[in-house]
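Here chain A shows up in two complexes: once beside chain B, once beside chain C.
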Partner chain A sequence: MEQTHQYALSGYLIALADDELILGHRVSEWTGHAPILEEDIAFANLALDEIGHAKLWYELAADLLGEDKYRYPDQLVYFREPAQFRNLQLVELPKGDWAYSTLRQYLFDAFETLRLGALSQSPYTPLAEIAARIRTEELYHLRHSQAWIPRLALGTEGSAHRMQAALDTLWPYAQALAAPLPGEQDLHAAGIVPSSAALFARWRAEVEQFLTGAGLQVNLHFPISDLSRISHSQHFPALIHDLQTVARLDPEATW
Partner chain B sequence: MHVSSRPTQAELWSALSEVPDPEMPIVNLVELGIVRSAEWHADQLVITITPTFAACPAYAVIDESIRQRLQAAGVADVDVRVQHSPAWTTEWMTAAARSKLQAAGLAPPPRHYGNVIQVLMEPVACPRCGSHNTTLQNNFGTTPCRMIYTCVDCKEPFEMFKPL
Partner chain C sequence: MSDTQWPRYMVFQQEGPDQPVVHNGTIHAPDAELAMLNARDVFVRRPEAVQLWVVLADVIFTQTQEELSKAEPVDQSTSQLVDYHVFAKFAQQAQCRQVGQVQASSPQAAVQAAIATFADKQPLWWWVFPVSAVHKNESSEADPMFSAARYKTFKDQAEYPVVTMMRELRNKANHEDTESTK
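Now for the complex of A and B:
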């Protein structure tokens, strides 16, 4: 791969990894707090998987940049400032109630599964192989959220109300999935990665059909002020503080 | 170490076959299919492994267990490296490993020949009574690689190794 593409791809992968890391962190906040034991187990596993996926992407980015793949991921996770993260606001919003977290997981994973399917066809083999691996794990995530969303949305008046409220809040943020990742335009032109906008059209058709089938109202009018991954919500600095505090107490510590 | 005193490939793989998986000690790392190669780089033995799940938390223990077993076999300098691609799949697990899982009450991963979605639609046999009258309890389980079912006939819950 050309050097300019290597550099672009490292930025693209760090943004993908940031989504996984931050979502994994939010999901991990359910550990010990989920409504039933089975879901405590499920959410702990979801968190572990997402953070594991982040690690794979950070390591591949390290390879592309000629960095140490054992140290570089930790440097990115623990020693960047909040403004340097490139994740979507969708994944950083506080965990909300359980309906909200379950729906967010679905919205994100449904898109990610499409993107991983496309990335697994990339001519850049290391990228394609890791995408294929992660995609198989994500199938279990989708099975999980696709089982729970209709259960809640078609359950009691209370559970249906919570699910609809979650959708009304999350839908505008989910529109940002359509925005290109860092470096995407050049990489897409070179046939290395898919177009987020094209994936988004498929995602929206699939997700609308699923949610409507579960009795939810999908609001087509979605005000969204900023699609970029540069700006973060007011909640983000506190999340990063939680994530980084221990590592920053002793940056040279070995574990 | 003088070259002639090095363990042979057969001896190395035999030693590796004695390293149990930390989360399922009934199976060893070789029959689980995670050991890719054992190669000498000058006087250093490099063992390459491919973890089962991307986020497998057992990795640090596996790394240490391999190192200890090979040092006991007389290899002073061992480096354990991770190779994520091509990704590990349950298709690499040996028949012997599947039988051991089954005997221990953990349903082995069904063979899927590349189509995981299809195989997940098919009924799972209870490892205790053999009934196919089983229901999925949870897509997740006590480790990243397991999911939980319940047998409707013998009423026992059981875990299955996820096809991957």
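Now for the complex of A and C:
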């Protein structure tokens, strides 16, 4: 692969990894707080999986940049400032209630499954191999989050109301899935990665049909002004503080 | 007050294509599909699983040797035969494991049929349930459900030698204490 593409791909992967890391962190906040023990364990597993995916992408980014595969992911996770993270706002919003977290998981998993399917066909083999491996797990995540949507949305009046409220809040943020990732334009032109806009069109058709089938109404109440991965919500600095405090107490410590 | 507890499902796991299905534990779930997902998340931490079954606990008929000795004679009618899975527990510490299948017209008759069919077995406890009561994963679902555990060794408690580590730390601390009091 050409050097410019290597550099572009490392930025692209770091953004993907940031999504997984931050979502994993939010999911991990359910540990000990989920509405039932079985789902508590399921969410803890989910959090570990997402953070594991982040690690795989950070490591590949390190390889592409000629950085140390063991140290570089920790550098990125623990020693970047909030403004340097490239995740979607969708994944950083506070965990909300359980309907909200489950719906966010579904929206993200459904998109991720499509993207990983495309990435697993990439001519750049290391990328394709990791994508295929992560996709196997995403299929399970999707099955899990997908199972809960109609059960909550068609459950009691209370659960249906919470699910609709979650969708109304999250849907505008989910539009940012259509925005290109860093470096995507060049990488897509070279056939290395898919176009987010094209994936988004497929995602939107699939997700709208599924949500409507579960009795939910898909409304775009207010547009989000900034869909880029540059700006973050007011909630983000506190999340990063939680994530980084211990590591920053002793940056040289070995774990 | 209404009962808000979800029904109980028994979880059975098969570790390899030639292995018997064994009882692994119990979970609560609102329905069979979520029982399957919960069973995967709670029990499948090791990669050996090739199949999971979930069965509503209420449909499992159990009889211990002691109960059998006091049981009323069973109607052995051959009408309305259905297939039953037969499981048996051979020791207090052992898991209940798959023995085979019988056809019977009732759960009680299925236990009698099991005793007749598997005459060489002397279990402490028989479990029978209709084959139709089993919810199992499709083989196409096996990879997403089970393969992750193969490389996720961090989910295995054996990965964390905490006891050994704590003992070493304690020994070291004790040693330093002894040194400093010299």
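Assume the second predicted complex is superposed on the first by the 252 of 255 C-alpha atoms of A that agree within 3 Å, B and C clash if a C-alpha of one lies under 4 Å from a C-alpha of the other, contacts with A are read in each partner's own complex, and residues count from 1 in each chain.
Quick note on the criterion: a residue touches a chain if its C-beta (ideal position, glycine included) is under 8 Å from a C-beta of that chain, and two chains touch if they have at least 3 such contacts.
Quick caveat, the model's predicted, so the values are computed rather than measured.
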Joint occupancy of chain A by chain B and chain C, clash or fit: clash
Touched partner set for A:I36, first chain B, second chain C, both or neither: second
First (chain B), second (chain C), both or neither touched by A:L48: both
Partner chain in contact with A:R151 - chain B first, chain C second, else both or neither: second
Touched partner set for A:R71, first chain B, second chain C, both or neither: neither
Residue contacts on chain A - larger count, chain B or chain C: B
First (chain B), second (chain C), both or neither touched by A:L139: both
First, second, both or neither for A:H161, with chain B first and chain C second: neither
Contacts of A:H241 with chain B and chain C, given as first, second, both or neither: neither
Residue range of chain C overlapping chain B upon superposition on chain A, of 75-83, 129-137 or 165-173: 129-137
Footprint overlap on chain A, where chain B in one structure and chain C in the other make contact: 38, 41-42, 45, 48-49, 52, 136-137, 139-140, 143-144, 147
Contact set on chain C toward chain A in their complex: 6, 27-31, 33-34, 37-38, 40-42, 141, 143-145, 147-148, 152, 154-155
In the complex, chain B residues that touch chain A: 53-57, 84-89, 116-117, 120, 137-142, 144, 147-148, 162, 164
Of chain A, residues touching chain B in the complex: 38, 41-42, 44-46, 48-49, 51-53, 55-56, 59, 125-126, 129-130, 132-134, 136-137, 139-141, 143-144, 147
Chain C contact footprint on chain A (complex, rising order): 36-39, 41-42, 45, 48-49, 52, 136-137, 139-140, 143-144, 147-148, 151
